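Following: one structure in structure tokens, then a few remarks.
Note that the chains are named A, B, C and D in the order they appear, and that numbering of residues resets to 1 at the start of each chain.
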Amino acid sequence: MSGGHHDHHHDHAHHPELSFWRKYLFSVDHKTIGIQYALTALVFLFLGFCLMMMMRWQLAYPGKVMPVIGNLFGEGNMPGGVMLPEFYNALGAMHGTIMVFLGVVPMLVGGFGNYVMPLQIGAPDMSFPKINMASYWAFFVGGVVMLISFFVPGGAANSGWTSYAPLSVLATRGQTFWLLGMVFLITSSLLGSVNFIVTIIQLRAKGLDFFRLPFFVWAQFVTAFLLLLAFPPLEGAAVLQLMDRLAGTSFFMPEGLVVSGVPQAYAGGGSPLLWQHLFWFLAHPEVYVLILPAMGIVAEVIANNTRKPLWGYRPMVYSLIFLGFMSFIVWAHHMFMTGMGTKISAFFATTTMIISIPSVIILTALVISLYRGCIRFNVPMLFALAFLPMFAIGGLTGLPLGLPASDIHLHDTYYVIGHFHYVVAPGTIFAIFAGIYHWYPKVTGRTLNSALGKIHFFLSFVFINVVFMPMFFQGMAGVSRRLYDQTMYAHGDAVQSLTRMSSWGAWMLGLSQLPFILNFFMSLAAGRKVNQNPWEATTLEWAAPSPPPHGNFATVPVVYRGPYEYSVPGTQKDFFPQHLATEA
Amino acid sequence: MTRKFLLGTTVAIVVLGVLFVEAAPAWAQAVAPKTSVKVDGEYGPFMPPDVSVHGHKVDQLINLLHWFMGILFVGWGIFFVYCLIRFRQRPGHKASCELIKAKPSKYAEICVAIFEAVILLGFSIPIWASVKNDIPPPTDNPVRIRVVAEQFAWNFHYPGADGKFGRVDPKLIDTATNPLGLDRTKDGADDIFSLEMHIPVGRPVICEISSKDVIHSFFLPVMRVKQDAIPGMRIPVWFQAAKTGTYEVACAQLCGNNHYSMRALMYIQEPAAFEKWLAEKSKPAEEFQD
Amino acid sequence: MGGAHADISKHVKAYIGVFVALAVLTVVTVAVSRVHFSGAGNIVVALVIAAFKASLVAAIFMHLKWEKAPSIWWALAICAIFFVFLIFIPVLAVGELPPQAQHGMWDVVPQVGAAH
Amino acid sequence: MSVAVLPYTVKPHPVTGVYSGKLGTWLFLASEVMLFGALFSAYVLLRVGAPASGPAAWPSHDATELSWKIGGFNTLVLIISSVTMVMAWASLKLNNLSKARMYLGLTVGLALVFIMVKLLLEYIPKFQAHHTPSHSNFFGLYFTLTGLHALHILGGVFVITYFIFPGSSLWKKDPEYYTNRIECTGLYWHFVDLVWIFLFPVLYLL
């Protein structure tokens, strides 16, 4: 399923010709590993999307037989084509897990980070190539364990991607597979983050000091620290939950649990809030891991296509670092309703308000970068420009959720689902598309077809809003999240037409990905051949041939100026690459 | 790639889309609402009706925030669109990169920060403090209810005339008649157990929320009340009804397979009707045993 | 860390010194735990001794004393800050509930707002 | 692609002043601090939140039957193994491979003694007295913390054994590179000892 499909890039003779296995599957070249990560992540993103499209059927037409594919999932999950609540919850939990841990993070950090970052700092490869390979294969095994959990008796994990105890401790066997899969994914991210930080610190080209680094590299640097320090607590929590499930300990199980009349044999004394604290200690930095590299990609694409340096590069970098730091101390705004007192909730409400400031600074700096630019509306730029207002909506709708008082009504409703999907779907996924369209020529030497790209953009942009905008109104109406059938409640039934609208938007969004998939595979062979710098960009990755050979640069690059020297007065061309001493 | 091919793919997608939209209603008729019991208040895409005495504070904060978000987004969007049009690539137009001071954006950000501080200190913290700390004292004669969530039902336990809650014991649990394991001997003799919540209008209500098995969340949309029911903890929540009517109690936290069907009804009655219901429910205590 | 022999032998002496200190401190920790201090005194004393032993190991054995690389110190500083948050915030958050809220539904506990 | 092509894997970077391996090891140790931090946070939260009486109450010190003698002995064993580890690095700096391998052997031996003492004198008697992890949260945490720590020790034993036998062929090709690797392994080993220094009072004495 993954890694099988590869474009054929030919190594230079001075390396001993590696066997197929060493060159494609167990390769230590950061570019091959980057492609492996990217392809596996794209497959998982598509799989997660399909799970969601099935859920949308049950939400829009509760209890109705799913047409066409209804009876493919066996009587245990969908008897007679009608989805059971257990299967709906399993789809929901796995949709969240697959999209976050198996789709977006490996795509942003594993795919883009591994491929583009060493090129952008002028390094021949990552500092620890073998650890880089190990991190991919740990991720791959984690992915396989997650997929196996679908076929385990009792189905996949069905207590949400947050798997709150005690529901997750009492859950079926799929939850144990979920925990084991998570341990592999966390190991993969830890190995990756150590590799990233050391590479960025140690292997920068000569003359490339920290404030000449492209913003994308800064984003990967801060993201790597978030992964390094935030993931281990979830690994500890996963160990505790595995002990609860398998060894009968009661870390998360209080005294006197009675499940449908049967007293449970736990010694008690545990606290369900312990799991929530340890989980959200990871999960909030995790959501910043999802958005920071996306901001990096968008900054690269905007700087390149406005033919103008980014406005306020230093304020953006300082905000990025401040954002990374603050993301560790806001986690309990997910837990306002767990009986928190005034002092702790005031602390976390304050840190949540403070953390909104750096995001506003970065977003405003990106918009002001458009001022007095010369904006080229090619496909990566369209996606990057769409990212800005969409991320603004996502960010702003975080405000009422960040304050405990307004969170009373909006907590765990569809308002929350609208909020984080606006940040992740039109935000991070659009940035991923921008990155793919932007760096595809560097990876394959051919460019994606821009007409198909524009079709893909406009359809996706329209339908993504059709899916997520109604969710804010459903959330205000009080429709709770993770409901198998919203029409049970009067306030849910009243907005059922909005649910149907979202569902149709989701299916049409699925359809509008066809041009992209078509374009992605056809351009491998039929795409227009381009030189090594088709976008006339200034950063170092465009100084290497595309696709770059093993060891990346023929001559070790030296850097003379900042990352975005566009339209410098007194130069013929409107871009001045970092590695050129004087204009060629 | 030839133009014809591109045209072909676009037309194909549009046709497929239209086909989908047309054919769908044939597969699925509109679903008849399951809510058998008529629930008061009209519901729509915006905030549900507010029958609580203190609910307006939460609504006011949410409206204020959304006005703030609207103004920010529109103002910011206008500048965004202006930049896209004014500085688009066209012959003769060059990008210029001399420094822009962008004073207004710095002031805008400072105003945003100040506004957030005002919202936080002026509105959110006081409202939250009143929700958490101003639990009505015994002198206000509050109605006290123990709300116990369990997998897929809400149990309501009233102290009865003697004002004292009876003992509950896991060994006495009988899933059909006595899910709470209520000991009917001493204080519990006059206790009332019900699957529906009855409260009087005009009197404060204190619900002590806990759970028997997993985490649920006691959510009254019309009362602007939400409190996680966490096993091993009993968290007090208070509110006061301002209007009578029949409304819903929802579960807001995923609690298992039938999380969606964990709906209970809340009857807000006139004090007299409420007293009559209490008396009627506590009278046939003996036939409860058989 | 100079490679010259004299330098290494100085290191070795430091290692032996640290070893003796650690052994002595272990005995002290055990002895001190016998004495009963008021309230959380025992915990604080034990952790202070353990922290001192840990800093000895980190400084001498792990060569932090001669470590000049700023990147290592930055990483350890950030990690220490978040370690403190991780240890103390969950306890404070859970502890902030009203005392009688910390009992499960089966305990008999005076009820909030009850006329007692 | 031979690793030697990558700069600063052996020689320290002129500006950042450290070779890549050591910086990578320190970052890995930072993530380990957060892992054990999470488990200590769980210990603190569960102990503070434990009910005063009943089956879930926190067992009093002598009810846990954890003898400080065994714990103390194990602490000394680990401290000595830390010393032998750092002596191995020192003897490599003095270009004496055989002495270094002797010290590494000592470290592995001491580590195995630690594991044996923990297994035979503590784990098995506890299971016989069914003070199993499900007995109460203290024993759950005791087995989780010391179990995870023991797994880290086994990982360290595995790495050091590799360096004693197959790994030492690197010494002939590039002695400084081998010394650096032993130093990084040493860093990991001292960290594992450091975690035990905190585990011993927390579990055995308080």
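Methods note: a contact is a pair of C-beta atoms (placed from the backbone, for glycine too) under 8 Å apart; a residue touches a chain by one contact, two chains touch by 3 or more.
Because the structure is predicted, anything quoted here is derived from the model rather than measured.
Counting contacting C-beta pairs between every two chains, the top pair is A-B. Taking the mean of each chain's C-alpha atoms, the chain closest to the overall C-alpha centroid is A.
Mean C-alpha position of chain A lies 29 Å from that of chain B. For the pair chain A and chain C, the distance between C-alpha centroids works out to 36 Å.
Here the CA centre of chain B is 42 Å from the CA centre of chain C.
Chain contacts: chain B has residues 170, 212, 231-233, 235 touching two or more partner chains. Contact with two or more other chains is made by residues 16, 23, 27, 30, 34, 37-38, 41, 45, 49, 51 of chain D.
Looking at chain A, one finds that residues 197, 201, 229, 233, 254-256, 268, 270-271, 273-274, 277-278, 281, 339, 341 touch two or more other chains. Applying the touch definition to all chain combinations yields A-B, A-C, A-D, B-C, C-D. Chain C contributes residues 71, 75, 78-79, 82, 85-86, 89-90, 92-94, 96-97, 101, 104-106 to its touches with chain A in the complex. Residues 15, 28-29, 124-125, 127-129, 131, 190, 193-195, 197-198, 201-203, 228-237, 239-240, 243, 247-251, 254-255, 266-271, 274, 277-278, 281, 550-551 of chain A are the ones that touch chain D when the two sit in their complex. Residue ranges on chain B touching chain A, taken from their complex, read 1, 6, 9-10, 13, 16-17, 20-21, 24, 27-28, 31, 33-35, 39, 41-48, 57-58, 61-62, 65-66, 68-69, 72-73, 76-77, 79-80, 83-84, 87-89, 93-97, 100, 102, 105, 108-109, 112-113, 116-117, 119-120, 123-125, 127-129, 131-133, 150-151, 170, 173-175, 179, 181, 212-215, 217, 219, 221, 224-228, 230-233, 235, 248, 250-261, 263. Note for the complex: chain D touches chain A at residues 1, 3, 5-9, 13, 16, 20, 23-24, 27-28, 30-32, 34-39, 41-42, 45-46, 49-51, 54-58, 132-137, 140-141, 143-144, 148. For chain C in complex with chain B, the touching residues are 97-98, 100-106, 108-109, 111-115.
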